[in-house]
Structures are given as C-alpha cells and as structure tokens.
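Here's the structure, in structure tokens; my notes come after.
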Amino acid sequence: MIVVMKPGASKAQVQHVVDLVREYGLKDHVIYGTDRTVVACIGDKRMVDKGAIENAPMVERVMPILAPYKMASTEVKPTRTVIPIGPKKFAFGSQAIGVIAGPCAVENRDQLLRTAEAVSAAGAIGIRGGAYKPRTSPYSFQGLREEGLRILEDARDATGLAIATEAIGVEELGPVAEVADVVQIGARNMQHYPLLEAAGGCGKPVMLKRGPSAKLDEWLLAAEYVINGGNADVILCERGIRTFEEYTRNTLPLSVVPELRERTHLPILVDPSHGTGHAHLVPAMCRAAIAAGADGLLLEVHTDPEHALSDGAQSITPVTLMEMMTSLKRIASAVGRTM
Amino acid sequence: MIVVMKPGASKAQVQHVVDLVREYGLKDHVIYGTDRTVVACIGDKRMVDKGAIENAPMVERVMPILAPYKMASTEVKPTRTVIPIGPKKFAFGSQAIGVIAGPCAVENRDQLLRTAEAVSAAGAIGIRGGAYKPRTSPYSFQGLREEGLRILEDARDATGLAIATEAIGVEELGPVAEVADVVQIGARNMQHYPLLEAAGGCGKPVMLKRGPSAKLDEWLLAAEYVINGGNADVILCERGIRTFEEYTRNTLPLSVVPELRERTHLPILVDPSHGTGHAHLVPAMCRAAIAAGADGLLLEVHTDPEHALSDGAQSITPVTLMEMMTSLKRIASAVGRTM
Amino acid sequence: MIVVMKPGASKAQVQHVVDLVREYGLKDHVIYGTDRTVVACIGDKRMVDKGAIENAPMVERVMPILAPYKMASTEVKPTRTVIPIGPKKFAFGSQAIGVIAGPCAVENRDQLLRTAEAVSAAGAIGIRGGAYKPRTSPYSFQGLREEGLRILEDARDATGLAIATEAIGVEELGPVAEVADVVQIGARNMQHYPLLEAAGGCGKPVMLKRGPSAKLDEWLLAAEYVINGGNADVILCERGIRTFEEYTRNTLPLSVVPELRERTHLPILVDPSHGTGHAHLVPAMCRAAIAAGADGLLLEVHTDPEHALSDGAQSITPVTLMEMMTSLKRIASAVGRTM
Amino acid sequence: MIVVMKPGASKAQVQHVVDLVREYGLKDHVIYGTDRTVVACIGDKRMVDKGAIENAPMVERVMPILAPYKMASTEVKPTRTVIPIGPKKFAFGSQAIGVIAGPCAVENRDQLLRTAEAVSAAGAIGIRGGAYKPRTSPYSFQGLREEGLRILEDARDATGLAIATEAIGVEELGPVAEVADVVQIGARNMQHYPLLEAAGGCGKPVMLKRGPSAKLDEWLLAAEYVINGGNADVILCERGIRTFEEYTRNTLPLSVVPELRERTHLPILVDPSHGTGHAHLVPAMCRAAIAAGADGLLLEVHTDPEHALSDGAQSITPVTLMEMMTSLKRIASAVGRTM
C-alpha cells in the first residue's frame, strides 16, 4: 500500500500517517520526493480498509499494491484447476474445450429432451436450462422450479450430458445442488454473499457469472468467497458488461480471457448469448472466444426461438449450433486445443 | 410494441409476424413506409418477450412502447406516496426532507450511541448502520449481526431516531425487519428476487438502493416486485452508477431525481457517500441533491473515520454534518421544502 | 512513479528496472515488501512514458504519483482565476454566478435578437449560439457561418451581452475569435490539439467543453495546451459524459464541480442542456449545479423549440428561464454567491 | 419515426403533432392503443431533428426507425467495398486479411527501417507510424512531422509496404495524403468534421478510427462525411471503447465486427494494441479479431519497447509478431480466409 501525501503536508502530518500505518500492523517506509512525500507500507495485511488512512489529514490518496484475492490467484496456486464435470467426467479447464448449451428456461419436458438430444449430437458436453428463473419483471415466467429439475435429470439420463442450472437464492441451493452437475450463480447474484458462502459448502462445481458492472478484483473476490467456504471447483463465466453500447444487450470484453489466465488458475467459460443478446452475433463471438483462449462456451439454444418464454432474441437453433461447430473445431485446433 | 421489418421483407414474412403478434394476443396494425414496413402491436400485455418476435425472419428490431412497471408508475397512482418512518412518524416523501445518517457498520455500542446523539443533534431523523454487512472480500469485517441489531435498538430508545439497516439475504430479513424502521436492500441485491419477494411481506418500509449498473426500468421493476408482494412502502435510493470515471467511487447522476418524479410516485433518497466515495465531495453533493428535488439524504457519518472498519474514506464527521445542515436548510427553503 | 515488480522478480530484473529509471533521469528507491518489490522513482520528469518501463521483464504495473498537468493546477497557482467577459467585463469565476444562454444554432437574425433580449431580461450575462455547427450527420443544418457571426455582433450591440460561440476548426478560429467574447471549443474537439494550440494564441477567453469520455486528467491536460500556448483565460465546461444510461442524452456528473475546485484554479461552467438532453430535466439540474458550486451555467434557450433546427428537445423557452431564475438566485444566496 | 404520446394526451395535442409532422414533409399515421396513442411518420427525410417534435406538448418520446447514414449502408450498396492499398495493391476487404504494423511514432530512420523490414518479413502488408502525433499532454513527444514522412517513404521504397499514417488536422492533411497510402483519422478526431470533409477530397484511402465513446451510428455518420465528400475508400478501425474496466486501456468490443458486416459494406480493421493497452493481451485479441471476421489488424510493433517514446506498454516486438502469425494464419483458414 502506498500512501501519497498532498503537497505541503507537514512533518507532523506525515508522522501521523506513519503512526496509523504502524497501528494497523504494517511497516512504514517514507520517501521524500521532489513534489510529494509518499509512505510505502510493507506487510501482508491485504484488507486494511484503505479508506481509513485516506481520511487522515493531508493524504491525497492510497494505492493498494497487492491483489485482494489469494486462493483464486496464480500466485498461491500456479497450476491450472481442472474440474471433472457430469456423468462423463469431462475435464473442464484442460486442453479440451467444452460447450454447455440449452434453453434459457426449462419450459416443458418435450422441449428440453429434444434440445438435449440436438445439442448432444452437435458435440455439447452439458445441457443448460433454468428451473428457477431470476426475471427482471415480476410478471414474467418464473420457471418450472422443482418440476424443471426433474426434467433436467431425465435429459441427463437420456443423453449423458452434464446439467448446468441456476440457484437463485440460498433456499433453492439445496435442491439445485442435489441435481445439478454445475451450480450456476447468476450475474445479478455475483455479490450475493450469503449465496456465495452457501455455495462453498454445496458439494458441486460452481459456475460464477460476472456481474454486469463487476471489476476483475470484485469477481475474483466473489470466487474467493466460494473457495474460502470450502469449494475449490469454481468456473468463471464472462457474459458481458454494461457499457454505453446499445446495439448489443451487453458488451463482451474478450480480453478478460487472456488477463484471467494470468491472474487465476480457475477455468474460464464465455457466454456469447448474453454477451451479445442477438442470435446473429453469436457464431462470430463463439469463434472469437475460443480463439482468445476460453475453456468453454455457454450457449442459449432453442428449438423454436419465436416461441421461447425468455431470451428468444439471443437463442440460436440446433441447426446453427451444428453448423458452427465445424469452424469452432478448426479454431480450437489452431490454438492447440481439442473440441 | 413496434416491430420494424428489415428492408426487402416479403409479404409472407410480414404476415408471419402478424400471425405471431395475434398468437400473443395483441392486435396488429401494419404500416408500409418508404424504406421499412413496421407492425404496430396494440394491447396491454406488457410482458410478451420481445425477443421471441425479434427472432422471426427479416425482423430488424422490436421497440417496446409501454414502460414495463405498473404499480410503481404515476400512470397508475398519480398521488405521491408518503411513508411514516420511525417512532416519530416522520412523513418521508412529503414537503419535509429527511436525513438518515450514521456509520457504514455498527462497530460497537459506544461508537453507535455517540454517533446517534450527534446526528440527532444535527437534525437527522434516522440512524443508519449495518449489522449484517455485505463485503466485497471474505476477509473484511462482516458485521456484529444480532448484537448490532440490539445496539441499534438502544440508539433508537436513546434518541427517538428511526433505524435504517440492511437485510443481506432472505434469512436475515426476519430479524432485521423486526427491529428496523426501514429495511435496506443493498445495491448488490437490487435484483435478488427472492429477497425482493420476501420484502414484499416484511411489514416494514423498504429502502431499495439502485444497482450500480441498473437502468431506471430495471430499478422500478425491482420496486414492483416489493409492491407486488404486498408492500407499497418503498423508498428508492440513488447511490451512484459505475462509469469510466475514476476519481470517485461511483458517478452520482442527479438527473435521476427529476426523472423519477415524473415516472413514479415513490419517494427518492440520495446517498452522496457511496455516490462519491470521498468525504471532501459529500457536502457539495448533499446540497446538489436537495436542489435537484430529493426527498432525503442517506449519509455515512463516523466519529473517527481514520479508524472506521469500513468506508472510512467516504465518512464525514458529526462536525461536518452539523456545519453542512445550515446551508442545506437554506437550499431546501429555496426549493419550497422544509428540513 | 511507483514500479511494482511481479512476485518472483529476480535481483537482476529489479536492477534492470533501476537502470532504466536512472537512464530516464529519475532517482530510484527500492523497497522489498513481503509479497512484492517496488521501485519508487523520484524526480519531476512528469512525462516519462510509463509504458516503456511497464514493458520491462517482470514489471507488473507502473503507477504515476504526480498529476500530469502543471499550469492548470492549484499546486502551481493557488489563487482562483477570474476572467472578465464581454462588454460589461463580467467577472467570471468570482462570487458572482454567470448565465450564458441562447439557441443551439444561430438560425436567423430575428430569432437571435428576440432570444438575446429575452435572456438579457432574465438576467443572463452572455448569449450563446453556433455560427459554425459541428453536426453528427453531413445532412444536418451546418450553421450560417460568417453571417451568423454578424448576427451575434448585432445581438451584443443591442443588449450588451457577451458572445459565446464555437470555433469548429483551426481555419474558423480566426473569424470566430475576432467576434466572440468567449471562444467555445466543443466536446468533440476537446483533444483536437492543433485547435487547442491555436486557441492558445487567439487572444480571447476560451471555454473548453469536456469530451464525453474524457477523464479529468485528460481534460485538464487539454486546458494545459491552451495555457501553454499563451492563453491563461480558460473556462472549463462540464456537459455530461457517456454512460449506460439511456433516459438522458448524457449523464451529468456534478461531483466534478467540487473535485475541480480542489485541483484547478480555472472557473467551472455547467451545461445542463447537453448534460440531460431533455428540457424537463434542465431546471432541476441548473439548481443542482449552482448548489454544487458551479461558477456559471450554459443553457440552450429557444423561442420556438418545436421548430428549432437542432437540439429542440433540450431547449427551454425564455419563459421557463425567467421562472427558474428566481429559485436559482435563492440557491446562489444559500451557498454564499450572487446571481 | 414513431412519436409516442403521453397517456392522457388530448385529441388537440395529437392533432398538433400531426400538423407538425406534416409541416416537416412526412405523412402521418395515428394509432390509438390501449394505453398510448402513437403517431407513425412515413417518409424518407432522415434528418428531421426529432428533438423538435419531442418538445411538443404531451409527447413522451420520439423513436427513429431509419438508420441515419445512407452511403455507408448495405441497403444502398450491398456489395462489399474492396480497397487496393499500397505499391502492391493489396486488396483490403477481400478474402485476404491484411496486417499493418509498426511503431506508434516514427522516432528515427534506423528504428523505422529495421521495424519495416521485420514486419515485412513477418507478412505484414503495411507499415504504420505517426509522423504527426496527437498527444494527451503538451509536454510529450509530438512527432518528427515532415521528416517522419520522408522516413516512411524510405521504408516503403525499401520494403514495398504500404504506408499508414495519421493526419492530425486539416493543415497536415495535404502533406500526409501526398505520402501516405492510407490516411489515418485518429479516434480523438472521429468527429472533427472539417477534417472529415477535407478527407473526402484527399485522393487516398482513409482509415477512420472509432472514437472511444462513439455509438455505431455516429461512427458510420463520420464515414458518411468522407464518402459524401467524394471519397468512397473508407476503412473502419475499431480500437476499443471507454468503459468502467481498468485493467485495459480500452475495452475491445469485437461484436462490432459481425454487426458492422451486416450494416455496412466498408472493410473493418481491428487494433488490439490500443484495444487492450498491454502487450501481453495483444496476441490473444489478434486471434479473436480474425476469428470474429475482421478484414485486417493494426498493430504497434517496436524493436525496443522499453525505450519507445510513446505507447511502450502496448507494443509487441517483431519476434512476438512473427510467432503469432503462425496461429493467425491457421485461424484465418478456419474462417475461410487467407493471410
């Protein structure tokens, strides 16, 4: 932590900061520059609230040096995390790239089973589908809930696909974790700490979506909650951030993929469906995500998007998925991966 | 809802959209323009998923006409909602402007009682303070929990101030709602639907903070969840949005205040502490918020910000609060309000 | 400048950075922490490209300590800059708050003269109006150019108002500076350096609008170009930034006002017309801007907004201006200013 | 254009809008819905200022239907534009993907010639390098100007590479256009209309960088200025947008590539150097850009980034470029292109 004093800070004011730093258990190191005095603070207490020191007289600002997360970091664990997923123990995070595809919501048994067969035939390793749906409006379809979980189980039985489905709250976590192979924590819940803590003890791999305005540190700290709770099997899922752009639902910042590969050992999934919001943009962004180094794709696929109960605009059809897979495999091969 | 066809859409493709629109229970109205055909859809089914229609062949885009919220809207209830708060039944949302002030977190009894007395002396009508704290890092101070609630009760007993404190999850809602005069739902939980639904039945006024990347429709739909759950006493709290600006913790968009006054009958609180993140910016933004028409202010006040366990940088002292109140009262008077 | 090494950086790699720092004429100061080594660099060479050092092996990042601007800073000139404007030498930046109002574009003589009389009667100290218009589309009205300047002169002759009008390029700067009392540099030109340099020698006060995605440092560096070119009379104008919000044309971040008052001695103008884009939001934001500490307001006023050739949606009428001035004066008085 | 009336608009108020619409030369079509009346306006006058109508009494909002650009649109010209570049007439916008690489600034003859040879050997088709530099600070290196242009000519003579270099203002356009094979208009000048108009007559292909906060319509309207000025050879260059993300200099939104391919016939270049700001992220984003469908890459390459006079942090070395080209070619092949 570096404390920058304002120009004109007196010796007493610098000493006051030094005292405060020591009180917080850190070692101080004062540097007198030509325009500014700075106090470098040494020690590994990552979580001293820098705001407290920032409020001392004549402090201009406080700059942290250390990343605030530990267990999610490659500094603590340099080897990449590989997570076995579903009945076939697909090695997520290995050289093999995994596609998890399916409808936004489980709408009925027939729809889901036909979709599961189609995405399985196309080469997906998992089926997605919300049984519990977090919906922006209280008047929208809220999901089949328990019944949706039963349908997902049937789809897994029929196809061998892993199930990825969302737990929208602490109360729903139990039933979801019992059935799911991957428990999804949605973007709007990325900082719902009771759920993150509970997910730490849920016994299943967790897919943690990035919040639409989360910085990387905040996202990795959310992962840290799950790991800290006892569950090291966390998959990060980038699904786009909110910017001024309006032709897409979100802006998909793919540079997150190479950046995360430096910072963390956790596998990285990309969701071009939410990342763009429009079916016609999905194939190009799937190709780009794999070229950028993603470990997998999360995709919304619907057999009849015109009648989808949610997210129709961003759902591709099984036919599009099938066509797309050919070029995806070639790109995977170009970056030394398999698919 | 207006469906815009792409140029070159055939008659059959337009008819297909017309059929889809009718299937969804809406009346269609086709307009052939010079460059585009558009299908205007008439009816009050606000929540047809526009994405479904957007996926039909040769549809360029679908533009909603109606706001997606109802009960929060001035169209449904043109009279302003006034909510009696705390032991003294302060009329929140009336001509009188209310200040709720206190520490980020309840740290100990002594700190809280001294702060409560100070903010009461300065003219506040409520004490804020987190008993349960949602913290970005699992290694940060997480709050005194049950004990914090007890301390808040003591502060209310001693001063007559209303208690505003946060429920961070469904499980914590019960104990919090029992004690609080205003139950806060935090920015990171704005779209945690199980909590919003539960808040609909909690029996206490709810203060709903805007999420850092929430659009106004999303925020008002979150309020709609609470109202739809049976609780009409919702206070909206603007606390800043995430933008590219880096000299503040958030960007405080005060134009939200006059805009919300047109759209909704719910009272509007502004939080310049989170809205700026720096104590030196708080007084000017308090003045601006009242000048813009806010019904109240939510403020972080700490008796010793250098030793605050959280949010030290944005906490003002009781002395600053006291000094600031004089100019705030003059501004309130300038816009025809009392304080 | 603080250079943070990656964990595991070798002694030779740290030494390489030390050598580089010395080569750039700075003094080095190496601090060995528990997790990181940092190299603090001492000296006043503000403009060493930090990127160069960031590219050295095992450097994690480089953090500047000093603000990159000098002459615009309160560190170099602590006294506030006051700029006499127009025939009546209005002291811009003093305790007196100045309103500059008028149409987006000069459309014809009659319109401008009537508007000038109306805003003068309402208490404005300047008339705004574009003779040269930067328009997003090549098919939009581009301004009356030379003829527009003549009309502005007539308006000044008739009313004694100062003229504020935009120079859209280096070639137009000469004729504009000859006529204008304040030469406006538009938001889209904030980083058009040839124009900034030329404005440094134009002999008239310059009003520099903030670009819609400019950080404060970039804006103050743009001002530095003008001052460095020999012209110390720069007025900064905040007109809103581009964010994800869509109910306004821009988001008006008023916390910029108190922040700039700490960083710079230059006067600060706020433009709620562009800052909101909608006439119904303008009065509240004018009140808020003055309460936040602005030195003046820039306003679009049109006698017939329904027939305005540009910016009709955000133009208020002279009647609205007149009504609003009463509350503005009371707010000015509440913050110890006159109007 | 669709005019949405507020609820409760009277017949006379609707009629007033109808009259206004007719006055602007459009045909009206009134639709009475259950909650709202809307006035659909038919005609091809794209540039009626919608703000004027928005200011009429009881108008809620005005929604445009038509894109505001014409000549840049695939509606007007469905065939893709292919632009021959440089001495070898590389067909930019064809199946072949072109790389333009070189230093941020031309620093001296030796540096540029060695870089040109290196990037030529790696397979680039053009050399980039600023002779005139737009710099955020007046104290930074401003470029070798005329001498820089001479050095670029020598590099072209030695290697056969096309020259891409920036014109920072109208005055510099003449000398730059004389030498350059591609005249770059920088991100900060994207809406400098005098320069766009002049570029319309400069006789050389123009590379138009997207402004960091430009929406797609604004960018395409900027291209429209150049085309409207007589120059149809415009290459669009995406270089990242400004968002809340802070680990990159900009956020590179690659979904722009497939979206632009639908909207416009102009070729699309991607600049991952500015799009990320950090050399370690550049190779992954080059791969992603080609996978997304880009027609070319613009890259900063420096033989000694630690001593670069600008943009050192984002410059890759010739060795990195060479290594990267192998995987790029495989990805190009995977999407049916050559390189």
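Each chain gets a letter, A, B, C and D, in the order it is written, and its residues are counted from 1.
One rule holds for everything that comes next: a residue touches a chain if its C-beta (ideal position, glycine included) is under 8 Å from a C-beta of that chain, and two chains touch if they have at least 3 such contacts.
Since this is a predicted model, take the numbers as computed values, not measurements.
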Statement: Note: chains that touch subunit C and subunit D both are A, B
- line: The chain pair with the larger count of contacting C-beta pairs, comparing A-D against B-D, is A-D
Message: Roughly how far is subunit A from subunit D, centre to centre by C-alpha average, rounded to an integer in Å?
response: 31
Task: Return the distance between the CA-based centres of subunit A and subunit B, expressed in whole Å.
output: 26
Query: CA centre of subunit B versus CA centre of subunit D: separation in Å?
result: 38
Message: By the touch rule stated above, which residues of subunit C touch at least two different other chains?
response: 213, 241-244, 246
- prompt: Quick one: in the complex, what on subunit D touches subunit C?
  reply: 20, 46-47, 49-56, 68-69, 134-140, 168-172, 188-189, 191-195, 197, 211-213, 218, 221, 224-225, 228, 242, 278-279, 305-315
Field: Residue ranges of subunit D touching subunit B (in the complex, touch as defined)
entry: 2, 4, 7, 29, 31, 33-36, 38, 40, 42-44, 63, 65-66, 75, 242-244, 246
- request: Spell out the part of subunit B that touches subunit C in their complex, as residue ranges.
  value: 213, 215-216, 241, 243-248, 251-255, 257-259, 262, 275-276, 280-281, 283-285, 287-293, 327, 330-331, 333-335
